[in-house]
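First chain A sits with chain B, and in the next complex the same chain sits with chain C.
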Partner chain A sequence: MNQSARRSNFLIWAWTLFVLVLVYLPIVCGALAGLSKSRYFGFPVARWSTEWWSRALESFEVQTIVKTSLAIALIVTLVAVVVAFFGALAFARYDWKGRRLYQKLVLLPIFFPQPVLGLALLLWFNAVGIQPTWQTAIFAHLVWIVPVVTLVIAIQVYGFDPALEEAAADLGAGRLFVLREITLPILWPGVWSGALFAFLLSWGNFPLSLYTTGADSTVPEWLYSKMVAGYTPMVPALGTMSTLAAATLLLAGGLIAALLRRRAAGKAASA
Partner chain B sequence: MSGATAVADASRLAVGASPARTRAAFRLSRGALCSLPVGLTLLLGFVAPLATVAAYAFATPKSFDVFRSFTLTNFASIFDPANTVWQSFVWSLGLAVLTVVALAVVAYPIAWGLARSFGRWSGFISVLFVFPLFVSENVRLYGWTLFFLKNGVLDGTLKLVGGAGPEVLYTPGAILFGMVYVYLPFMLFPMTLGLAMVPKDLVEAARDLGASRLLIWREIELPLATPGVLIGMLLTFVLAVGAVAESKVLGGQSVIVITHDIEIAFTYAQNWPLGSALALLLTVIVGALSLAALAKLDLDRILGRR
Partner chain C sequence: MTAAAFASPPAPSPLPEALPILQLVGVRKTFGAFAAVERIDLDIRDGEFLTIVGPSGSGKTTLLRMLAGMEAPSEGDISLRGVRINETPPARRPTCLVFQSLALFPHKTVGENIEFPLKVKKVSPAARKSRALELLRLVQLPESYYAKNVMQCSGGERQRVALARALAYDPDVLFFDEPLSALDYKLKKVMEKELKDLHRLSGKTFVYITHSLEEAMVMSDRIGVMRAGRLVQVGTPEEIYTQPSTKFVAEFMGEVNVFDAVRAEGGWRIDGVDGPATLNLPSALREADAAAVVVRPEFLRFVEGPAGAQNRLTGVVFNEYALGSRIQYQVRVGEKTFLLELSRANAWRGKPGDAAIIGWDARDAIVVAA
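So, the complex of A and B:
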């Protein structure tokens, strides 16, 4: 590497680290506010306290919204992964007539402002006479999350050799057997990251939930309503908890994936 | 691994033996079949709601007479010179253009690093940039409020050394900053995909032949990375045009963006037809842009089919 290349490499690293600091700075600010004793945030923090954390944990209201958010995210994950798995096969695995068009249609909900999509769904629910509740929010989340998960799994499908599936079929394996023994084991890293994406995107979603949960409320919705009116340090405290929960899940998901990959590699080596 | 190769070899023998025509028919039906669940979700959750919005846009103002009335009054009132809603459109479009330009500059070096020079670190750095997507944007934007607030992190720190924080909150600049902040990953990752498509040997060959860095960038890197860069720009533009959280949390409503106007029409004003007409105009802008750009792209190539 010559000197100018080394210098530009250094500058790129420095810039990336600087932007990363900015990316996490507001999250750190929220954590500070949630841990300060005074009701109104001031920096430097005069007195620290975990009071707002424990109050958030004890609040019945908070427990209810956390349960709602969890229920929505879990069901969204299950449905989105199944739908998107087949969607990804149609996206990247099979050559079929409508594929090019389908690929572009799948992207449209991602290329669409979410607040407007949320309002459009509200209108649609109203037109067909469905009362919005947390269940309708599940559907709303799916409209946006299924395309994202489809893309995530599709990237894995692109690296998949269709000959393996065909070989098993030619050797007499049934469709279900091929799916269970060949397709799923090869594609599971994509399915796994798709599931993580689905859960975490649903957990953090605000604009779709805002219009489609009706009288129910999710964690981001509750936080927003308290930011606008009735701020207490419980808001940044719960925000921080929610962020930490997401980070833990992501970390655990990554570790499990790494562990399973190692075990699979070990099995292949010993076989 | 050797087992997999053996199976693949067996399949190649088998493919030679089986009639090609039946295989083609088999594939066609399966692909269409697999697309059905996604297709149904999008039909019921995307096409139908947008059709409802379109229907409402032509209903009598301040009524709920969808499908029963037809009028252009809503559009007439939007284009009425006395109506100031055009300002919201101008703000939203202007802020979106500035967001895209700012993000292109901010994200390019990082995308280059991720695609080229970070090596084994690039996976970890990608995760660090993805993670904020899982924290709802209003929580992150509120963190910036705490940072810029009077007596907040910036002001408090500057006071320690005898200064005072600048008053940036509740200005259009703060909204722009919030948008650039929130939509960074949507520019960064498509851009990285695009830059990863530029063959390294091509750049090296050009360098060996004596091309300057500017020339390499202009003649090789940028044209070959265009699909990814284009997706990133389109995605951030579309999301920024419809953004509302930034102006509410960081802008303190100093600027009313178009989505905010739509929301007001749906909530306080109880004028669903007017809100729908505005949403339809926004959808047309966004949809026309997306479809025009997507039509030019080969997704198989970008996402890695070989």
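So, the complex of A and C:
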């Protein structure tokens, strides 16, 4: 390796390390804060303890908010993926009158400031006489997340060759058969990443939940309220758990995809 | 290829008088104000290999998509065995299109691709597999390819898989939208012949679309030449080659000498060339003021004296090109360029830059509409 190659190699490593430190240092700090015995946030950590972790796990309050957040995120994921899948087909697959307008309109909610959107939705719920609960938060999340998921799936749809559907129909297949055998399997990767986006965006959403959950509370809301008043190291402990859970989810997803690929390759090779 | 894959022996060449399998009457297709296909009348005979040739944008793909049912004609009628099928969707037509992109399902194996139409028809998995293996043999792919991922196949192999899949549908008519255009020259030549053999074996009607007349010549029973949405000429390869109806068809054939003949005192002369005062033309052109004359490069020759040919031009040999067994010469006469082709055995003895007299006989020229 010559001088300049070595130098550029060093620079690549240095830059990568810098970015990693920049991204992970705050998370590590949060994790450390959760492992402190002291009630107050301070560095260096004087005495270590897993007390706050076990208290967070045992707390009925924490269990309730995690359940609420999970319920919202799961339902949002399911609804968003179904709506966004067909929305993405309209976005990228079919050429129809008004498509360009639709493409712009569907993306507008993404650019709308979320706190304003949350407030607007709350006012709207009040106007039509709906009591805000965690169910209304599902609706609020969908307003913002469906456009995002539509865009994510649309990217996959853009790479889809419409001739495949035409060819399947030409070989005698009906619409449902084409959807099940051709369109869906080819668009699966996009649907999966859309679902992952939907879940994580809903799980981590604060501004929309703040206005629209009513008396119920989600994880980000609870974390915020505890930061403002009544801080305990349960806050960073729960934050760390949430991060670890998300990381596990991503890892599991990647692992399953890799296993499926290996199985498909094995099937092809063995025959 | 084995004939065993087909139940009945191949039918002999069909009689022209037989009921056409597909009939187009006044078919027109417009997209907004643009007419992609302009009033086409055409009978497609049962069992024939018909090729539609035309440059890109001539409307041949639109015509094919209407025949396959992917577009409906704006005007006119398409009938299949006498039954109007204008709006019949592709799934309910006994026809199958092999796409230019082949449209193989990338997430399925070779076997699953071929079995697709059988799966639609709810054929049992065992019967599907045996038919797929049969078709693999027919298109000359090894049986081991059955479980291969279709995206791992080469261009020529994919071609064969697409063909096998179309045959698995067992259509009466197969449509081809330039499926060979992505292949290299050598493989294309092989596939052209295989396709023609397959046509003979299957006895099915093939309708093929290409921009290459050379490809059409090799395979077709009949050729239709399209230009700007119209069918300019329909005929056997022989007819298209020897009697092109217009200058366009003649030029589309490949390298030919085409020039405009204009009235001169007491006869005809070539426009833009000082040349002979009078041309000897094959047929009498009494009324017309102008006509286009086509002389194929192989009908032009170098002549020595005035007796050498009925029409003579004096020019300069600009360059020569070796074409394997033949040699082509570019001869410049005035502002015009002529191509002349000789077999290698009869090569011209001069060198580029030399003056030469070229000539042809009246019977070797074709007069077409200008």
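Following the convention adopted for this analysis, the second predicted complex is superposed on the first by the 241 of 271 C-alpha atoms of A that agree within 3 Å, B and C clash if a C-alpha of one lies under 4 Å from a C-alpha of the other, contacts with A are read in each partner's own complex, and residues count from 1 in each chain.
In this section, a contact is a pair of C-beta atoms (placed from the backbone, for glycine too) under 8 Å apart; a residue touches a chain by one contact, two chains touch by 3 or more.
For clarity, every value in this text was computed on a predicted model and none was experimentally measured.
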Partner chain in contact with A:Pro185 - chain B first, chain C second, else both or neither: second
Which of chain B and chain C A:Leu151 touches, first, second, both or neither: first
Partner chain(s) touched by A:Gly129 [first = chain B, second = chain C, both, neither]: neither
Superposition-derived comparison: chain B or chain C, residues of chain A touched: B
First (chain B), second (chain C), both or neither touched by A:Leu32: first
First, second, both or neither for A:Gly230, with chain B first and chain C second: neither
First (chain B), second (chain C), both or neither touched by A:Gly174: second
Which superposed partner A:Trp203 touches (first chain B, second chain C, both, neither): first
Chain A residues contacted in one complex by chain B, in the other by chain C: 161, 163-164, 166-168, 170-171, 268, 271
Residue ranges of chain A in contact with chain B within the complex: 9, 11-13, 15-16, 19-20, 22-30, 32-33, 41-44, 82-84, 86-87, 89-99, 102-117, 119-124, 127, 139-140, 142-143, 146-147, 150-151, 154-155, 158-159, 161, 163-164, 166-168, 170-171, 200-201, 203-207, 219-220, 223-224, 227-228, 235-236, 239, 242-243, 246-247, 250, 254, 268, 271
Interface residues, chain B side, partner chain A - complex: 1, 3-4, 7-8, 10-12, 14-15, 18, 27-39, 41-42, 44-46, 48-50, 52-53, 55-56, 66, 106, 109-110, 112-113, 117-118, 125, 127-129, 131-144, 146-147, 149, 151-153, 155-157, 160, 181, 184, 234-235, 238-239, 241-245, 248-249, 259, 262-263, 266, 272, 275-276, 279, 282-283, 286-287, 290-291, 294-295, 299-300, 303-306
Interface residues, chain A side, partner chain C - complex: 161, 163-164, 166-174, 177, 181-182, 185-186, 264, 267-268, 270-271
Residue ranges of chain C touching chain A (in the complex, touch as defined): 68-70, 89-91, 95-97, 99, 101, 103, 105-107, 109, 116-117, 119-121, 144, 146-149, 152, 165-166, 169
